[in-house]
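Got some structures for you, see below.
Presented sequentially are two complexes of chain A, the first with chain B as partner and the second with chain C.
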Partner chain A sequence: MKKIYFDVEKCLGCRSCELACAISHSAAKELEKMISQKDKSLPRIKINFSKDKNYPMSCRHCKDPKCVSACMAAAISKDEKTGQILYDEKKCVGCWMCVMVCPYGAIRPNKKVKIPVRCDLCTDIGEPQCVKGCPVKAIVWVEETELERVK
Partner chain B sequence: MSDVTKRSVDPATQEVLKHIEGQSIKTTWDRYEEMQPQCGFGQLGICCTNCYLGPCRIDPFGEGAQQGVCGADADTIVARNLLRHIAAGGAAHSDHGRTTAHALNLVGKGEIHDYHIQDEEKLIAIAKIYGIKTDGRKKEDIAADLGEKMQADFGSQQGPIKFISRAPKKRIEIWKKLNIIPRGIDREVVEAMHRVNIGVDNDYKSILLHGMKTALADGWGGSMIATEAQDIMLRTPEPIRGTVNLGVLKEDYVNIVVHGHEALLPEATARAAKDPEIIKLAKEAGAEGINLAGMCCTANEVLMRHGVPLAGNFLQQELAIATGAVEVLMVDIQCIMPGLVDVAKHFHTEIVTTSEKARFPGVTYVHFEEHDAEKIVKSIIKKAIENFKKRDKSRVFIPKEKKDLIAGISTETIAKILGGKYLNTFKPLNEAIINGRIRGIAGVVGCNNPKTTHDFGHLELVKELIKNDVVVLSTGCSAIACGKAGFLQPEAALEIAGKGLKEVCEAVGIPPVLHMGSCVDNSRILIAACEVLKEGGLGEDISDLPAAGAAPEWMSEKAITIGFYFVASGVFTVFGGPMQVLGSQNVTKFLTEDLEGITGGKFAYESDPIKTAKLMIDHINRKREALKLRPMMYV
Partner chain C sequence: MKQIVIIGDSAAGVATVEAIRNKDKESKIIVLSDENFPSYCRCVISDFLAGKVSEDKLIYRSQEFFKENNVELLLNKEVIKVDPKKNRVAAEDISENKKEDKKSKSAKLQFDYDVLVLANGASPKFPELPGIKKKGVFGFRTIKDTKDILQFVTMADSACVLGGGLIGLKAAYGLKKRGLDVKVIIKSPQVLSQVVDKQAAEFVGKRLSDNGIEILTGSDVTEILGNGDIKAVKLDSGKVIACQIVVAAKGVKPNTEIISETEIKINEGICVDEYMKTNIPNIYAAGDVAETFDLTVNKTAVNALWPHAVDQGKIAGANIVGENIKYAGSLGLNSLDFFDLPVVSMGIYKQTDNHEVLAKTYPADELYKKLVIEGNRLVGAVLVGNINQSGVFLELIKQKSDISTIKDRLLNENFGYPDIMDLTQGAERSYV
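After this line comes the complex of A and B, so read on.
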């Protein structure tokens, strides 16, 4: 399975990935239109800042996902074929357990609608938009085996 | 490989783009693609770099930081950034005006000999506005005084700047009430920069009001001074035939392209290029002669007064070099892409910059000054002749595409055409509007921008407007786009025009799309509006007129300033893409809604040209209703 990897040496913390992510998950799909809508979608990716470096973070789609076992509503599951963590918003009851158990802090609570948002790899578009949105190519979407090559 | 039809609708542009594909020549379209994604914070205007507490930016999703380190919120940051743009745009136009006023003063004093007073009628009329005695005085003395007084408008402390008095009374009252009558051109720009400094003006409404004051100092100040002083020295444009598009470059000639904005440089060049001695030199070098062509607004200036062919508009500047047939690209100020230098490296073309203000690393600088205009431009033309010998003929690729056009329609000429030989009047136009043959007046102006397909926005909008009986006043790169599409040939344009507009145009002999000049000449549109009002029957203020403005492919800060002086003068103005303001709902609302109740004008942002036309036509219709004009004659 292709995964999203971040190069913290390259990340400038411009948060363009956050905007690209929010646009991709909005109804309008366009920055200018999305921004005027009341219900702005939230980014699933977040830049964390620690000790002079920027750390972009979104769902790692873990091999052993803590969020899946913590979800009491069975809203989160793992696609065994692709390895992607799937999230069914309709089933979610908003208990925030996934937010608490995630070791990366990669699940973001949407306080307005009281359920979390998380990376879905932009499956509806075909490729994660944070990757396209990064102006310095600090975010890549590759197979683990290819990671050395793209470095 | 890129799809050239997405880049431009102009056939010549498409041809050259196809031709250079695979030649590692980068154009603005390539750089635009490389620049993707463009920063969302910048697009929304919520990034602030005005002080070193920052850079700061506001989280548009409402969860992260909502204030910069100083405490400025999105409203303040967006408004301050916009005011900076207005100040920069106004400064650019106005500095052009300053140069021209200075030259007028020197011509009057007899200190420069390469320019003369060519429009005495206008000299007298403008001198009167400035309160200068004209009776029994030599025109040179009047010009010297006028040049000096025009320059004084820049440094004036209390004002008001003189041309404000040309506005309708009602408009002046509105400005007075809002306290936005410019005191001095430089003063408003300086105060704009003061207000946006950290911790000064934090109220977005107050910031934007000063934005209007600064913009008015351009439209009714710097730009208008540029237009009028140029007309006095170089003569007021009259209808003239010309040709446009890259096809005006000639294979066997020494091709010189003048690009930029000021009118003095190309004027001298146009004269010098006809000098027999220069032509002889060109022939000795193996050329048939000298072929001078213009690019961007400089082109509009020499087209209007000398019929010099137009090579193209903003997005075509690099392509002119890419034809491999340009010996010298002579530039002065504004809209000159630094990217030209890299394109020129692929060819023999030499770029010569003539303005101290506009330098490029590695580019020849020849200082242009009015005192020695002819001698200086001759030295540059000689460079071009020398360079002709270095041209690689095998690489020359000049597209055939060019169109004939009519340009040079100043406000004064409209009155002359409409009124016939003995009477200057706008009456036939007013009557046509009142009786419903012409729906209204639109100003379609502004730049090109690779964000939209080159020329597409201008052409679709203009087509739709004239189809609906709206007469179009056009300037700048928009006018050039119209020319390339054949819209500036009366016959061709009349085929598209609505029945009522067609009848009027045929009867009085004006084309439905009027080429009114360069971008400083947007001031001509303001004056045309005043003349229409004076003629009577269409209200008392600019905001009463069935009129609207648009800049479909804008990109320059100057466009923002122009937009602001039109809106502050009461005109509904549609911009092709939004300004960097959407990060603040308050500022967006203020500009696109609230302003109408304050100045009578407002902005709209619309990228679809057909929808833009609809917005403008709806507005014009509302104004017609308010004036109780007759319904349109042919529906």
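After this line comes the complex of A and C, so read on.
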């Protein structure tokens, strides 16, 4: 399965990825319209400014996902065929168990609408928008086996 | 062909099934449940009580799941006892309405097993009080409990909850959402005394009070009053509080009765080794019934929590089909959200003289973060208001990482995975 990886040496911390993500997950799908919307669209990717570097982070779609084990509402599951971690908003009760157990801090609570915010790889669009939005190509979307080649 | 019997179809039982079927599609699996509803999300019954979630949304694994996995799921089967010498489980069919007391007449059932998994959970503790058996006193553990309460809700205008733990507060929340006057009667001086420290409890208590739930700390119920139906509860102060519903939420106890006459070792829960095996080689235990090693207090404990039940079931199941996987251990691990105040508590939340504490409190914003450190290890954390990155702290606790190099950063606003990645080596790669 193709996953998102980040090149810390390239990342400028410009947050274009966050913006691209927020837009693609907004109802409006456009920056201008999104800004005027009441319920803010929160980015699923966040840059952690740590140790003098910029570390983007989003859901790792783990092989052994802690969030799936912890989800007491059966809203988070793993698609065994694709390896992707799926989320069903209809079943979610906003208990934040997933936030509590994610070792990467890649799930955040959207307190206003009581749902966790985590990367869905923009499955509906076909390509993660953070990858497209990064001006310096610090975000790659590849199979793990291809990583060395990309590097 | 091997026959595996699993008692319980909740988190631990289902995880056991999934782990077995990962490798072994052949063995016969029988899952017994004493409930009338297939595997459901037990922790969500408070939202069902509140009217936020409908019954069909509670399903955890549907009947189809069991069919697809070639598992015989038998509902309404109450296990009476386990006979490890004969490798046999005796059960009764309780499909008939219990109230009519047809239970004694129901058919006795027997299930032979090659491997047995005790994933039969826990039950509410009812305090010994005059009137505790009255109609209108409920536990709060099952869908049936919830439906029974809901039948009373339409005729009631007020309820008392005995106990201010997580279950008690969740019941109070659900009843409040149904428009009842709700009072929570708590013996200890704070809410959630088994889950969070005093500071976090103050924030939660305030949030509940602000939303109309009355919290009475330092008081205990001595009697439930009423002829037939409940009229009131009497407190140790002598005060009488009118109510028509009482929810007993004084904690739960592991369901160990069915093995009480066996040689299976029981402490508070069923004792298991790190492979989730009891002292009888072909009997495993997992979930709320099991007593496991708590990696923060360094002794065994019953940490009856959903994520642990899933992890333990996975390990039991994998080991049944020939793996050799060790359980890393459990810990206190709670996430709650009452009226939009998120709280996370993990590991040791009340420090002793052996601990060092790092804390930040902003009372006006209802923000609080406390980290409990023992030597060079993080052993506990409490977060209120902002719970972002709490999983990163959990990872440090679980990995028993030496935090001395990052101690000065732990309370930083932007503390996160990059700060710990050299210490914990996450299983997944993030950076090229």
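Criterion: the second predicted complex is superposed on the first by the 151 of 151 C-alpha atoms of A that agree within 3 Å, B and C clash if a C-alpha of one lies under 4 Å from a C-alpha of the other, contacts with A are read in each partner's own complex, and residues count from 1 in each chain.
Criterion: a contact is a pair of C-beta atoms (placed from the backbone, for glycine too) under 8 Å apart; a residue touches a chain by one contact, two chains touch by 3 or more.
Every value quoted in this text rests on a predicted model; they were computed, and no experiment measured them.
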| item | value |
| --- | --- |
| Side-by-side fit of chain B and chain C on chain A, or clash | fit |
| Chain B versus chain C as contact partner of A:90, first or second or both or neither | second |
| Touching partner for A:55 - first (chain B), second (chain C), both, neither | second |
| Which of chain B and chain C A:100 touches, first, second, both or neither | second |
| Which superposed partner A:40 touches (first chain B, second chain C, both, neither) | first |
| Touched partner set for A:70, first chain B, second chain C, both or neither | second |
| First (chain B), second (chain C), both or neither touched by A:29 | neither |
| Of chain C and chain B, partner touching more chain A residues | C |
| Least C-alpha distance (whole Å) that remains between chain C and chain B when both complexes are overlaid | 11 |
| Interface residues of chain A shared between complexes with chain B and chain C | 111 |
| For the chain A and chain B complex, residues of the former touching the latter | 14-16, 19-20, 22-23, 31-32, 35-36, 40, 42-43, 111, 132-135 |
| Of all residues in chain A, those that touch chain C in their complex | 5-8, 48-51, 53, 55, 57, 60-64, 66, 69-70, 72-74, 90-91, 93-97, 99-109, 111, 114, 140, 144, 147, 150-151 |
| Parts of chain C lying in touch with chain A, wherever the complex brings them together | 11, 15, 41-44, 47, 52-53, 57, 59-61, 306-307, 310-311, 314, 333, 335-337, 340, 342, 344, 346, 387-392, 394-395, 414-419, 424, 426-432 |
| Partner chain A, residues of chain B touching it in the complex | 37, 39-41, 43-44, 57, 60-63, 577-578, 582-583, 585, 588, 605 |
